[in-house]
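Working notes, beginning with the structure itself.
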Amino acid sequence: MDAVTAVAEIKNLRVEIDGRAIVDGVDLRVLPGTVTALVGASGSGKTTTGLALLGEYPAGALVSGDVRAPDGLVGYVPQHPAAVLNPARRVGALLRDVARAQVRHLPRRERRTALRERVLRALALARLPDAETMLRRYPHQLSGGQQQRVVLAQALLLGAEVVVADEPTTGQDPSTKRGIVEQFAALAREGIAVVLLSHDLDVVRALADEVLVMRDGHVVESAPPERLWRAPRHPWTAELLASGSGATRVEPVSEGATTLEVGPLTARHGRTAVLRLPGLTLHPGACLAVVGRSGSGKTTLGRCLAGLHRHHDGEVLLDGVPLPRSLRDRTRQQLAAVQYVFQDARAAFDEHRPVLHQVARTAVRLRGAAEPDALAEALTTLAALGLAEDLVRRRPGALSGGELQRAALARALLARPRVLICDEITSGLDTVTRKGILDTLAALVRDRGDLSLVLITHDPATAALAGRVVVLDAGEPVEEEAPARRVMTGA
Amino acid sequence: DASGPAGDAKAGDSAAAGGRPRRGGRLRAAFAGGGASETLDPHLANLFGDVARAKALFDKLADYGPDLSARPRLAARWEPNAGLDRWKVTLREAAFHDGKPVTATDVLYSYRRITDPEKAFRAKASLEPIDLKASRALDERTVEFVLKRPTAEFPNVLAAFGAYIVPGREQDFDRNPVGSGPFRLVSFAPGKSAVLRRNDGYWDGAPYLDELELLVANEESARINALLGGQIEYAHELDPTTARAHEGGGRVEIIRLRNSTMQAFAMKTDRPPFDDKRVREAFFLIADRAELVAGALSGAGEIGNDLFGKGYEYYDASLPQREQDLDRAKALLKEAGAEGLEVTLDTSPVAAGFTEAATIFRDQAAKAGVTVTVRTGSKDSYWKDVLDSGTFCSYRSGAMPVEAHISQRLLTESTTNATKWHHKDFDALYRQAQSTKDKASRAAVYARMQRRLHAEGGFLVWGFADWILGTARHVRGVETKAPANSLDWARFDKVWLA
Amino acid sequence: MKSRFALGAVVAGVPLALALVGPWVAGGPGPRAASFTLGGGHPLGTDFVGRDVWDQVLLGGRSVVLVALAATAVAYLVAFPLGVVSALTHRAWLEELLMRPLDVLLAVPSLLMILLVAAVLTPGAAGLALLVALVNIPDAARIVRAAAAEAASRPAVEALRMQGETWWRTAVGYVGRCLTRTLVADAGVRLTGVLYLVATAAFLGVGVEPDAADWAVMVDRNRTGLFVQPWAVVVPALLIVALTMGVNLLADAGLEKRRRTWTP
Amino acid sequence: MTGPRSWIARRLLLGAAQTAAVVLLVFALTEALPGDAAVALAGDQPDPERIAAIREAMDLDRPALERLADWTAGLARGDLGTSLASGRPVGTYIADGFGPTLLLAALTVALLVPTGVGLGVLAARHEGRFTDRLVSSLTLGVYAVPEFAFGVLLVTVLALRLGWVPPTAVGYGTDLLAHPAALVIPVLVLLSRPVCSLARLVRAGMIDALDSPYAAHARRYGVPGVRVRYGHALPNALAPATQQLARTVDWLLCGVIVVEALYVIPGLGTVLMNAVAERDVPVVQGLAVVFGVTTVVLNLGADLVARRFAPRTEAAA
């Protein structure tokens, strides 16, 4: 095995910012035809290590160690796909630009058709159906999962020797996820080196040839998956692998009262209706999971409730009082009552201000808390979600994906909402942290009594929290009250 | 050939300046103009560019010599009666461009056209003394003008600005203007150019130039640059500083037409504080004329003596030159109870040197304890605005006979009396002069009037500006002693290219 | 580290220092000489009305700096809210109400505007700053609007709204912050445009005296003497050039990103 | 949800209203200016009788609203009226002036866009380094030099010293295409300022755009540098610059008075200047219509571009 030369290699990498090592002593060999997986706690340095393979480091970082980046281009699927999709260009143009280098050797006349073929094939491989419409869309017109698959398609188009994929399966439904896993396996079979950074242990287990477990910037253990799952050596690994299943299910306190009531509702993007809901009620203390394929309208539903998507007909009643369609017209009480946690946490933060202040502002604005009280409360809430003070005093750019997701949740929680809509808030969290968060949420619902949760998710563990599940398909609910397990595992 | 005395003198001058005149060539001359609404109707001529065109295409009965006295042009001679209210004018033999002779009927037609009450031609006011109903053609070439009152200076009327003779029939001036001038029209693009060709049958001798192109360039720097770059041969109206920069530089000739423009401040004598003649005198004494000429005219001019028409016929040069005397000025102001006087000086960028002179005078007045506030007004309506309102304003006047200056600006019924100089006895003196046939006695009356104006008039005439032209080195025969508006200014029939 | 500011500071320092201390150093008005002369005890010659150019240079910086700053500031004070409101609103009518009248102002020949103001009003220096600002508002507002559109539609703004954040914090704290670079670039250039507009206005009789000691007015009024006495134009023009360049370079340096990584 | 089509329709409708407002405003302004055509024509001989006579001859003694109504009625028939000063149709004034103006504007824009954008992108690429400082200082320096001084410099050097091009276009009339050399200096002078404002705005936008994750991603994927800059980053940096460009084109089309005067180019600026000086209201009005329409169309174009490059604005809550 060692006879094979590594396409990229990291030796004793140390990345230090402001005197704090965020990655320390990491060794990594990327071999052709293998899948190397990095797992570990949120904020443990996976993304930093992955980027190091591309020769990229956070601004202002002090780097030491040997990094031999691959010679050619490296495919990269970033954790936050929205950021790398140019908002002013159509998906088609973004894909063609990547593929153009591949067809350069062809005669000029054939390039066009070849380009088109390649783009369409990549879309198919990335499990993006309805390619024609997709190509004409702008990135903001895609759902989170669709954006991710576009980025994946780009990586596939590149034809690189090495692909670094940072959480490529978050936001994907089980069947799509299986497709993507197959795709990576196929890549590896073709001799391409895949570096997979993921929290999704099922995926890692299915794909990886070698797994590195990280914690606090160190690799605590590395082994082939069979061995790791069989006999984890490090206690942290054991903990990580054990926390697979979800938290306790939350049952509604009382069926009688309703917090939120949604009438028949049709939501549109432009002329096309993307969501047709016959109705929905939410009881105090209830937890509802919204699941469904990527692009089925889950986010749209959440945004309609939150007043972020105005183009719908139908009413949303809070305690029997209709809520204004746009959140701009909602009163502070109404805003506080219905809070939404964005699917893309990074995009939803102001990159110029420290996270803590942004989180605290919710309490100040929506509950009239005094500034110091709000800050103190924000700190406690953030700490409960596993975010230390020195971390949250930084700007969003200096937080990891999972850290930001938790901060976004904290920001919504500070409003003391009555309806909390969480859009994929656990997709970037390791199993341990996820369990912690779900427990916190469950405890909150129990303690507060009037809080109802709407969990938009692909993750069975998260959905398991819900007493009720709505399955959306192409914008319409196909099943309600379905047992979460079944929905989440197969289709 | 019936060229007058002026023509002879001219030919001599030019010969001295640069050898024998040569025929041929094309001269391009640039003037500031009136844009796309320019017309070739000579009676509408208003700006210098219009006048240059009108002059090239048409003639007047008389025009002004270098001292602004009337010289015969289409009129061969004039003869008044004893009462000076009937003038017999004999025309010289001249023909229009279409070959028809210039007749007495054409003259009367032209003057009637100018005075048409429906129209508002500029020369209308100047022709006011003529009773055109009573005037008649005695024969083909003699007109008898009947005047409303004795007018000793009647030839000035014939030379008036815009009093051109056109053929006595309707014509389309812009397409095919027919005049009796030294050039014929080839083409005309309003606001851009007029191309003219020599009129071989011109009564004053055919021009030397084959072709003359009168171009419009409103910006001074464009005119001098075009001249330096060889795009034109004659640039009208240059800045004094431009002249200084290029004078003696060898690339172009700079020509200064002395005493072309009177530069003054006008005080309204009918309202405080200038209704007190002591205040007016104090202001006369405040002005440091040399500083004004050096600062506002960049030295291109001469100092004035509070009288119009320096160097012109009838100008009283015997009066002592007034000097700055701040002590006396202060004393006079004190006497008049006008210590700590504050006045507003209206000015506008309407003419070169206006705002400069105003600010310089402001500083001079401050030394005499007078606070002058300079107020800059719109240049498009400036003359109308300062005619009746305000008390103190920048003023200037182009060349015209001293008599015309008095009749247009200083009589009770004058229409543009900017100093509001209303004095019955002064009006009477004017009438007396106009009915005095003897020139010397007339001059004496004008001198009396000027003494009064010098002592207590409303015009603080601080200088006379040069009118500056630039020509290419090979242009000859450009008259150097003709104030703007006089006959030899902007005249191209005696110009030739070496 | 601070060396990136050096160039801008040096270039802007000369005119700013002159503007600041000039009036203290300048002597009283001496006797006038002829216009546009060189020598004769005048180190930089005399100007169009025969005054000492050096004296005028010393006196003329303060108003340039003050009026330019004030007018630009006022223009942005109005243009920024207009532009950002119309970028942030989702009510089409509000945007049209705010922006379309400004377009009308844009379409009116500015010559006509200045002439009119010159003719009917006699504003002082403050009025002048206002007028010049007015002329700049529609322009600046459109640029703000265009630049803000993208930032205003980001999820971060939605999140701020979700938090019930004040309009002010959203508009200035977030959208404005995202636009800083563009607005600073625009304002830096506008600053200079404003100066010459002041000079034109002065010539037409608005605001300051036509012979005011003001670098821009000096440049404008002394132009006829450029070939006889270049200093009267060149020196104030160079000072304005230095001021413009320096201020903008300083702003550039201040906004520069530090994105270095240290790899051994 | 406003689709692009209904948006354009609305803007065009508003544009018609705007043009009407411009015309009204211009009429009011010209009326408010002291003096009228009669006073302007009377010049330094403001004999009140003569002014009254001219006024009568020009129909100026009629109430302003009546004149406006007549003029508007004419406009509805496509007749822009006749000049007060010369009696010639206003249409000919505009037609005559439009050629040179259009030519000058087209040439300037054709050079402005590549230079302005190119310099801006160049400076942004090298932010903080020598090239950036050089480009910024140069463009700002040229910007801060007054137009006339820059013009004098060019004339002195290019025309009078070197004799490469004529110093002015005097005598060429409207047929400027036949004398392309005469356009060199005017176009350079016209370029001097817009290049700076455009380059500065492009630079500002490009620094952020080049620094964005999507530009980094494109570079990472081996997209050629030129394409990253012009295809990926530039569209996101362009919205403010487009507005600036629209303003510049507007300025170029609605009369560049100084340059036209300095180089004797008989364009619309000269026509406007003279018409205002003569208080030739019908001509000013006719120009106002032309300028109003131009501005409306250009603004619409700029806004369309801004929308195209920030497509997310449509979807904002």
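Labels A, B, C and D are assigned to the chains in the order they are written; within every chain, residues are numbered from 1.
Keep in mind that, in the parts below, a residue touches a chain if its C-beta (ideal position, glycine included) is under 8 Å from a C-beta of that chain, and two chains touch if they have at least 3 such contacts.
Computed from a prediction, not measured in an experiment: that's the story for all the values here.
Number of steps on the shortest path from subunit A to subunit C, with steps defined by chain touch: 1.
Taking each chain's centre as the mean of its CA atoms, A is the chain most distant from subunit D. Should one ask which of A-D and B-D has more C-beta pairs in contact, the pair is B-D. Chain D has the Cα centre that lies closest to the mean of all protein Cα atoms in view. Averaged C-alpha coordinates put the centre of subunit A at 50 Å from the centre of subunit D.
Note on chain placement: the centre of subunit B and the centre of subunit D lie 40 Å apart, centres being C-alpha means.
Inter-chain spacing, taken between the CA centroids of subunit B and subunit C, is 45 Å. Separating the CA-averaged centres of subunit C and subunit D is a span of 20 Å. Residue positions 377-378, 380-381 of subunit B each touch two or more of the other chains.
Residue positions of subunit A touching 2 or more other chains, listed in rising order: 87, 308, 310, 326-328. Counting partner chains per residue, subunit D has residues 33-34, 148, 152, 236, 273, 276, 309-310, 312, 315, 317 touching two or more of them.
If each chain is drawn as a node and touching chains are joined, the picture fits none of the line, ring, star or complete shapes. Of all possible chain pairs, those that touch are A-C, A-D, B-C, B-D, C-D. Those residues of subunit C that touch subunit D in the complex are listed here as 4, 7, 11, 87, 90, 92, 96, 100-101, 103-104, 106-109, 111-113, 115-116, 119-120, 139, 142-143, 145-147, 149-150, 152-154, 157-158, 161, 181-182, 184-186, 188-189, 192-193, 196, 219-220, 223, 226, 233, 237, 240-241, 243-245, 248-249, 252-253, 256-257, 259.
Residues 1, 3, 212-218, 220-223, 227, 231-232, 235-236, 308-312, 315, 317 of subunit D are the ones touching subunit A in the complex.
Remark: subunit C residues 90, 150, 154-156, 158-166, 169, 173-174, 177-178, 258-264 touch subunit A in the complex. Those residues of subunit D that touch subunit B in the complex are listed here as 33-35, 38-51, 53-54, 57, 83, 85-86, 88, 93, 96-97, 148, 152, 155, 159-160, 163, 166-168, 170-171, 173-174, 261-264, 266, 270-271, 273-280, 283.
Listed in rising order, the residues of subunit B touching subunit C in the complex are 220, 239, 241-242, 244-246, 291, 294-296, 298-299, 348-349, 355-356, 358-360, 363, 374-378, 380-381.
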